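Take a look at the structure set out below.
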Amino acid sequence: MPLDHTAKGVYVIAPTPFHPDGRVDEASTDRMTDFFLQSGCDGMTILGVMGEAPKLDGAESLEISRRIIRRAGKAGIIVGVTAPGFAAMRALAHGVMEAGAAGVMIAPPSHLRHDEAIVGYFHQAVEAIGTDIPWVLQDYPQLFQVQMTPGIIRRIVTELPSCVMLKHEDWPGLEKISALRKFQAEGSMRPISILCGNGGIFLDFEMERGADGAMTGYAFPDMLVELVRLAQAGERDRAHDLFDAHLPLIRYELQPGVGLAVRKYVLMRRGVLASDAQRRPGAAMSAKARDEVEYLLARLGRHDPRARLSPPA
Amino acid sequence: MPLDHTAKGVYVIAPTPFHPDGRVDEASTDRMTDFFLQSGCDGMTILGVMGEAPKLDGAESLEISRRIIRRAGKAGIIVGVTAPGFAAMRALAHGVMEAGAAGVMIAPPSHLRHDEAIVGYFHQAVEAIGTDIPWVLQDYPQLFQVQMTPGIIRRIVTELPSCVMLKHEDWPGLEKISALRKFQAEGSMRPISILCGNGGIFLDFEMERGADGAMTGYAFPDMLVELVRLAQAGERDRAHDLFDAHLPLIRYELQPGVGLAVRKYVLMRRGVLASDAQRRPGAAMSAKARDEVEYLLARLGRHDPRARLSPPA
Amino acid sequence: MPLDHTAKGVYVIAPTPFHPDGRVDEASTDRMTDFFLQSGCDGMTILGVMGEAPKLDGAESLEISRRIIRRAGKAGIIVGVTAPGFAAMRALAHGVMEAGAAGVMIAPPSHLRHDEAIVGYFHQAVEAIGTDIPWVLQDYPQLFQVQMTPGIIRRIVTELPSCVMLKHEDWPGLEKISALRKFQAEGSMRPISILCGNGGIFLDFEMERGADGAMTGYAFPDMLVELVRLAQAGERDRAHDLFDAHLPLIRYELQPGVGLAVRKYVLMRRGVLASDAQRRPGAAMSAKARDEVEYLLARLGRHDPRARLSPPA
Amino acid sequence: MPLDHTAKGVYVIAPTPFHPDGRVDEASTDRMTDFFLQSGCDGMTILGVMGEAPKLDGAESLEISRRIIRRAGKAGIIVGVTAPGFAAMRALAHGVMEAGAAGVMIAPPSHLRHDEAIVGYFHQAVEAIGTDIPWVLQDYPQLFQVQMTPGIIRRIVTELPSCVMLKHEDWPGLEKISALRKFQAEGSMRPISILCGNGGIFLDFEMERGADGAMTGYAFPDMLVELVRLAQAGERDRAHDLFDAHLPLIRYELQPGVGLAVRKYVLMRRGVLASDAQRRPGAAMSAKARDEVEYLLARLGRHDPRARLSPPA
């Protein structure tokens, strides 16, 4: 099923599981895929910033994508195809769509500094991959240094019909969601799906502003699923209660660089990954950081049984 | 009392109070100074990033500094003197030290991209202001785009004896605190005071890593004071309980741009400021954002009586 | 006479003369002012990037401006008022206009990354200084990292009537001049004056594309005056012959950082400045660099008698 | 023959020839290779910034590399392998070395902002490609925004023995060459080859400062060869006479973005390329720009017979 603007729920950002010696861990990849889908995720996004994509060569990227797509069955898999050139972007996009991906995700390069450059870049990208591949616009100014106002996003959505979703991770971004939904309400922009990233650190209010769900890799995607459902059901207080219990760990996992190490560590502690190894070069957790994460898990466990893990080996 | 490396506790980042028409609000300035000191703050840092310093001209900057210094009595006032040129930096530094400031704070300009450039800049700054003014090194790579490793900070501290404090707001920064304290422990760096910024969002663990306190402007500085004391007393769980109750609001106030509006709004709601006005140009809160802050305050009030405010007018 | 869109010719970028001990050199300032005007310059631009403005405090900036404005008589003096905050910008702008400046020059801060931010910044600047001060828009993306398309410049010119001149130093910029002149020709933008910077390194073709003259500080402003006149008279080959003879030195002087040292050195060698000193911190020329400049002057002297200088002391 | 530190002369930066419809033009590729070597170039550097490398997919990159390496015979071919991830860098590096390349070239990513980050990056790159592949360090801060002092370059050269050459294109860079040669003379750095880029715009003085030659793509590589030989023979005045005649065009071709269009146009006019087409997206020359280039060629033709071309079709 190709991705479209009605997508909602949780598309979890998946890490790439590695063995400690750097090889791709296929068993963990399968287990992780199963875990994410059994957790209630509606889809997965792979080969993103947190998927260590640049550490994979082209053949590996395609192989992992095919494995996860096959395993995921009907759940939608979105593949990050951001690349320094359009030739590489097209090659990967075509490869994964043939393998059954639901769509691709594209982020802008950091040198774009005015409206024409930003909008023009996405025109070129769509020309490169073809107009028939549904794609997600990644809006993450902290990392990519490109600032897209609501007006710029509206132009991209209006001029490029194959853009069906926004991965929203601007910071601050609450007013941006409200502005985009207002565009839709007044009829000046066609509907798009808005899924939120940024580690989920504003997901409580993002849902209230009109987001359709989450696209982030917090190590408790089952909590994200529950939170999205509570929010969609209008259970405001219960949603915030759940969110607030997780916020200390969400905040800890959001740290640039070391965040991925935390995420993989928790997924290992939960039995999803066999190892928290990153392919080199990667940031490791210190012993103190591990203690802090264990402390946060123990505190979280008082409120959420999913965090009650047996002690580490 | 000039600032030295033994400083600890809370040096609150003070906003600059304005009337809605843009004039400096002197009554609110006095009330705010009294409130901060009665809250247990050991000092204040004024004319920082959150003090709207660039919207003040030179005469206004000096006048406000003098007013606060006089009002604060024995509490130490640190004044931000970061400037695009050393002439302006020197002029302001000399002016406020003559008025009785405890020290000044200096951040690096964004174009510094290797060790020699970074260290060299602070040598030039100290040459400009004189070697007898105690100063705080502001390490805030997210905003200033300058990345100082622990080794670079050690060089600055070692080569420039008048540097007595680090305003630590790297992100991630926990390992940096540990690394600097290890330098001290092994005798390779003289002791400095480390106070933490970044809105306080990691203050729980920063204290455990060896920080001396906080230098941030969260609108509940009385909570920061309590948290620092609990941490210093080794009351780990109680410190985290207090911190976690405030984290949803801390997180909300940390948003770039709109964060200052939130901070001034809460200080107004607490009766400290007469108005949450910013001098132009400034980011305003939407009605939705105000509702969200009120909701966060109401939830916080369940745990902390300081947040139980009468409804807004 | 206030600056307006009919300005043309050469507005030379003036360095600030210092004594070797760092004091402002007033005698050299007067001599330099006389020299520039006797060279045929129509005006001067002071306190720009190459004027070491950040090394002057507010009082010094005003004093130097007043001295030059008084000395220059009817020639138009433009003063750079770019500042990190609008309060400082307004204070300097008002000060120099009261002293008789013809207008001010404003460059955008480096963080502006889309059309609304760029155009909005200049609206705020004009609100700060007042709508009655004629100002020059400085378009120098290499240094300021802000990219203004012809369309953005048109918006600024159209929405802000007090913008009367573009200091054009984009690179590449020839097509930009053509685009702006086409806007004027088709009636979609009111006329503005376009003076070119970038050390003059494209002045030969910039004049042919429709520029009104030069605003740069090359140490032979008398050559710039002659070149502009030849170009305006349609003497294409003679203009290029003159330009090409100077190009090796123009290129050498254009080097970032060391360029100002070269410029001051040549002005000293020409008897205009008593010293080539920069106020600290400043980049100095090595002995090898001085030899290279002397070699370039000697080679230039074969074509242009203005470069036949007596040997250095 | 693997590249080593004794390399000197001209390693021309080669564009990638395309047909107007975007296909690689193999006949032009062969003719260009022959032309460069018959012009006296000692080697070629392919898939660099000016080679439109990001517009080629992995298979095309390898195929073009193989074709040129085979055609070039004993002349050394250096291949740009800069990539956003080490997996892609390793794959291309191994592919081209197996095909007979002399070495590879690596540029740093733009986010490196202190010494440890910069030096560490190249350690990781060498770990990825293997310690047995000779490589060229590309120092081009204008484009890559990474600033490497002479001391940082010395660390890289000292710690990583497979680094045998510096592609020097800092601006300003003359003192950097002198500093590196001084390191060698005093024995604090082993010898490396230094070839200069930046379009050749400082090649006259760079040779005098101790450079071994040029690595740039100016459309008259035969002139670069002659200039390098004159400089090596100590014919200072003749070298500058030749250089100065070409400087107006060198300067014109150095323009970012449009420069490649100029370069391909002149190579087409010289009969080397069948077309000046760039693969999309690419900057095109306006009719005015073509006229300007023709005018520059006509002027150059008065001094250098190589520029006396028959009129364009």
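Couple of notes before you dig in:
A, B, C and D label the chains in the order they appear, each numbered from 1.
What we mean here is this: a contact is a pair of C-beta atoms (placed from the backbone, for glycine too) under 8 Å apart; a residue touches a chain by one contact, two chains touch by 3 or more.
Just so we're on the same page, UniProt names per chain: A, B, C, D = Dihydrodipicolinate synthase family protein.
Since the structure is predicted, the reported quantities are computational estimates derived from the model, not experimental observations.
For chain B, the chain with the farthest CA centroid is D. Among the pairs B-D and A-D, the greater number of C-beta contacts is found at A-D.
Chain C and chain D have Cα centroids separated by 33 Å. Separating the centre of chain B from that of chain D, both taken as means of CA atoms, is a distance of 48 Å. The centroid of the Cα atoms in chain A and the matching centroid in chain D are 39 Å apart. Counting partner chains per residue, chain D shows two or more touched chains at no residue at all.
Within the complex formed with chain D, the chain A residues making contact are 53-58, 60, 83-88, 90-91, 110, 124, 127, 280-281. Those residues of chain B whose C-beta lies close enough to touch chain A in the complex are 171-172, 174-175, 178, 201-202, 204-205, 208-209, 240, 243-244, 247-248, 251-252, 255-259, 286, 288-289, 292, 299. Those residues of chain B lying in contact with chain D across their complex are 112-118, 145-149, 151-152.
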